[in-house]
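What follows is a pair of complexes built around chain A, which joins chain B in one and chain C in the other.
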Partner chain A sequence: MKSAEVDESYRKRAIRAVTFLAGLYFFLEFLLPESVLQTLGVSAAHSHISTGFIVVGTMAFGLGIINLFRVHGTKVVFRRKDWAFSFALLTGLICMMTVTGLDWLSGLSVTEKNAEYRNLGLFTEAIVSDAGSSPEEGRVLPPKQVRLAKLIEASHRLAQETGSSLDVLTDALPSQLKPEKRALFQQFSSQLRGRITTIVAMTPQELSSDEEILSFGRYLNETGVLYEKLLRMDYDVSLIKKVYLFFFEGLFVSLGSAMFSLLGVYIASAAYRAFRIKTVESFLMMMAALLVMLGQIPFYEYISGDLPAVRQWLLEVPNTAAFRAIKIGAAIAGLVMAFRMWFSIESESFSQQGGK
Partner chain B sequence: MGVEHSTPGILLLLLGFLGPVVFLIRRACRGEEIYVKRIAGVDAVNEAIGRSAELGKPVSFTTGLTSVSPVLYACLGVLSHVAYRAARFRSKLIVPQYNPEAMAIVEDVVRDSYRDARRISAFDPQSIVFLSESQFAFASGYMGLMHREKVGSAFLFGYFAAESLILAEAGQQVGALQVAASVSPEQVPFFICTADYTLIGEELYASSAYLSREPIQLGSLAGQDIAKLLFVLLIVVGSLIATWNSIFPEAAFSNLGTLIRYPWSSLWEGVP
Partner chain C sequence: MSWELATVVIGGFATLAIYSFLVRENPFYRFFEHLFIGIAAGFFPILVFKNFLWPKVFEPMFGFTVVTFPDGTTSAPYEPLNLLFLLPIGFGMLYYTLYSRRYSWLAKLVIGFSLGYSGGLAFKGFFAEMVPQLTGSFRSLAVFADGSFQLFATVENWIFLITLLSVMYYFFFTFRFASESAKGVSVTGRWLMMICFGAFFGSTVMARMALLVERLQFLILDWSEAMGSLVV
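After this line comes the complex of A and B, so read on.
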């Protein structure tokens, strides 16, 4: 056997083995009771395994982008037929990716500021809990007073930074806000200034009890939330947010809605073609559709008061029965197909279809 | 995790459904003849490809919103056949894609089919076009493709949602002969109204076996029918028990649903 054929043989075996093991895992995970899975340690590992599958799926997403650049990039570079459409598509793709990336970074910087306050809040909880328990073996903690001094030092630094940032916001932001938002900004900014003053004036001596330390932690958390609200106001009027909204809500969502609205026209044209009575089946379909439509509209009162009941019967009895029959058939066929995939019976047949 | 998904009754049902499938696959592999009834929509597959070749127009095949799932694998059997025929007839094949994971598999299958047809040099990876992962962006991309390429035949196989009518109407507008197959019953009426041939539900799974005549697929198709018969039998027995229980409540039996729902713990703790 040639080397390439041997490699291919091993590759196929490896794929089959991985497919079988993955299928076996999910089959047993579905089938076995929770108590057995916990004993085997599967329950603990399940979230990691699921994350692994998400990672593989995410990697495949890149394939889509590569394909777009390959197909449409070639058209643009070689000026092939309809290259202008490809150019528009690639331009749209690049613009949307850039704007979304920048918007995500801007949003991230807003939440990061709050995170700094939140971390200090968590630090206060750690100071209190560590003081009340013996440290783990091999772990040396600084004395409580030293940690409190560090907490105050970090709080002062953060409050001063927030104060500077607030000055910049107060100079530039109000003129860009709508009146109701501006009033809200004034209210939040004066509250935040008061809090900054309180934090800057705080000394380690004022935090003598655990309750005072925890209370200071909560105060820091609330300050962070307030600061984030102000930063978000700034972010909402920023250029990048406006451009993102223009691309997403202004173009993408509107164009999607326009496509969806085509359905209204298409349903009418498709119904016209389908309801031309050419056979007994199309006559039956036409009659059923007529009864359902007449039973739906208020006009039925002029024809017969029983039409809504007929409509309901048609939808709930013959229609539901047919739906269930299709679903049962498709579900069993899907089960069998899954079984063939699990045992790699199906994958082999694509390239060896005898009937060709 | 943390939820009991299954019971011994489910395991028994699974074995009951899969047993006939395994048995008939083995019989088919031994060379025994398996009868498959004629499906007009599947017969139309070859007709549609031939029509495209005669007109000198491209063939389009989309798997719609199908992700990597058993439905996709059912579609791949038909795609393989369509790609093979298109390659033999030197027709251009376009495969618009919605899901990037499925796209990688689709590309592999189309390449294999071109290789089997000894026309690998004609295989163009750019014929497998990723349009978008957004439903209506995909639909608009598909419409544009149909109109620009003026396809002669279009195959819509797989899972479709609200965009099904938009896709099928696009083919209708350019005069393509369309064969559609969907496992979602909600979309079947739209396809019946718009496409020339429609495969309903499990016919999609059967089409690959019908086209390829491959023993494994034929065997599993025949096994599926027995599994369905078992399902119908369960429905009839369940209905009879329910009827008996409503007439004679003092002598009621446990119905099948109750038996299937007994948990694993009932095996060692006793049936309640």
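After this line comes the complex of A and C, so read on.
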């Protein structure tokens, strides 16, 4: 046997083995009893393993983008026929990726401010729970009073930073907001100022019981939520958000809705040609469609008040039953297909072709 | 022109460009069609990264989920097992060997993995989702509530069951419908299936029509106003 053929044989076996092992995990995870899965440690790690499986699939996203660039980029570079459309496609892709990415990063920085407060809230919970239990082996914890002093110090610093940031927002933001939002901003900012004053005035001596510490933690959490609301108002009028909305609402949503509604026009025109009542089947189909459509429009009252109920019944009883029968048949076929894929029977040619 | 106004104006042009296809295919339509594909292709990878990869994989892997408190202690120790996420990332990267003539077979390992994984998952999905639906389909043929016979609910259940069985019977291709009664069941199945398709068709058309109405409202109310403010 030639070396290339040996290589091909190994590759084929490796592909089949990987295909089989990938399917085996979910197969066993479904069939084995929970006690066995717990003993093996699969139950605890299942969500991580499932995430890992999905991660493998998500890596293919780049392939699509690279292929788009290869196909349309070539057209643009060599000025082939319809290159301008390819240019529009690539421009849309790059702009949308950039804008969505920037919108996400800016959103992250807004939630980060709330997270600082939330982390202090978590710290109060940790102080209380650690004081009531012995620390884990090798973990050294400062005394409770030291931790409380650190909590108060950090809260003061954060509250002061929030105060300075709020001053900047109060100077610049209201003029950019619509009247109803402006009123909301005034309401939130005065609430936040009150909270800042309370936090800055807080001393470790006021946190003598566990309940008081936890209550202060909840207060910090609520302050963080309030602060985030104000920062989000600021972000909503920022240039990044406006550009993002231009692409998302102005183009993506408008084009998507228009595309799908265009299909509605074509479905209706196809129905005009297809629904000529020549057979019992076409009569039944048209009657069902007509009743469902009439039951959904506001004019049904002029025909019969019962039309919405008839529509609902048609959808819930005969439609559900027939669709379920079709689904059961399709699912059985799908199960057979799944087995064929799992055992690499379906993809025989795929695994045989090797690297060619 | 403000960004808000520009958003409405471009939305109207985009809608009109797509509807211009009703007359015939034209460059205006094709331009926006390509733009839509590009925008959709650019939007979803970032969405997946933002909603899945970042919070579920990268944040735990980089230890961003571990909070450092003001006294220097942490909310939880860093979990080094999270670094195992590098394995699926590395394995998934083998997709890109498709571009190498020599190593392209490695990409088939990942494709095989995805096929096998979806096969195993489909097996689980069939028994977890379809079997309860199948059991739930066989409803009671005589419904009683508070000790009294419920005629409407009983008839409804009979119709449901007859539809389910006759439609399933229609799809038996493994034997011929020799007797007249067998043919009758099959024909009933076909008729009931037509009612299902009709209802399905009606719902689909209405969903699309709702979108059409929304677009027309946008054009007539928002867009015309925005264009009016531009002209004035």
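Keep this in mind: the second predicted complex is superposed on the first by the 263 of 356 C-alpha atoms of A that agree within 3 Å, B and C clash if a C-alpha of one lies under 4 Å from a C-alpha of the other, contacts with A are read in each partner's own complex, and residues count from 1 in each chain.
Methods note: contacts are C-beta pairs under 8 Å (C-beta built on N, C-alpha and C of every residue); 3 or more make two chains touch, one makes a residue touch a chain.
It should be emphasised that the depicted structure is a prediction, and the values quoted were computed from it without experimental measurement.
S.K.: State whether A:64 touches chain B only (first), chain C only (second), both chains, or neither.
M.R.: A:64 sits against chain B and chain C alike.
S.K.: By residue count, which of the two partners contacts chain A more extensively, chain B or chain C?
M.R.: Residues of chain A touched, chain B against chain C: more for C.
S.K.: Which holds for A:43: it touches chain B only (first), chain C only (second), both, or neither?
M.R.: first
S.K.: Once chain A of both complexes is superposed, is A:85 in touch with chain B (first), chain C (second), both, or neither?
M.R.: Both partners, chain B and chain C.
S.K.: Does chain B (first) or chain C (second) touch A:273, or do both, or does neither?
M.R.: So A:273 only meets chain B here.
S.K.: So, does A:259 touch the first partner chain B, the second partner chain C, both, or neither?
M.R.: both
S.K.: Identify the partner contact of A:194: answer first if only chain B is touched, second if only chain C is, both if each is, neither if none is.
M.R.: neither
S.K.: Quick check on the superposed pair: does A:16 touch chain B, chain C, both, or neither? Answer first, second, both or neither.
M.R.: In the superposition, A:16 contacts chain C only.
S.K.: Thinking of the overlay built on chain A, is A:101 touched by chain B (first), by chain C (second), by both, or by neither?
M.R.: second
S.K.: Identify the overlap between the chain B-contacting and the chain C-contacting residues of chain A.
M.R.: In chain A, positions 29-30, 57, 60-65, 68, 82, 85, 252, 255-256, 259-260, 262-263, 267, 271, 322-323, 325-329, 334-335, 337-341, 346-347, 350-351, 353-355 sit in both the chain B and chain C interfaces.
S.K.: For chain C, which residues are in contact with chain A within the complex?
M.R.: By the definition above, chain C touches chain A via 3-4, 6-12, 14-15, 17-19, 21-22, 30-48, 50, 52-53, 56-57, 67, 69-71, 73, 75, 81, 84-85, 87-89, 91-93, 95-96, 98-99, 101-105, 108-124, 126-128, 130, 133-134, 137, 156, 159-161, 163-165, 167-168, 171, 189-209, 211-212, 214-215, 218.
S.K.: Touching residues of chain A toward chain B in the complex: what are they?
M.R.: Chain A residues touching chain B: 29-37, 43, 46-47, 57, 60-65, 67-68, 70-71, 74, 82, 85, 252, 255-256, 259-260, 262-263, 266-267, 269-271, 273-274, 322-323, 325-330, 332-341, 345-347, 349-356.
S.K.: Note which residues of chain B are touching chain A in the complex, please.
M.R.: Against chain A, chain B makes touches at 1-6, 10-11, 14, 17-18, 21, 25, 69-71, 73-74, 76-77, 80-81, 84-85, 97, 100-101, 103-104, 109, 112-113, 115-117, 125-126, 128-130, 133-137, 139-140, 144, 148, 162-163, 165-166, 168-169, 172, 183, 185, 188, 190, 192-194, 200-202, 204-206, 211-217, 220, 223-224, 227-228, 231, 263-265.
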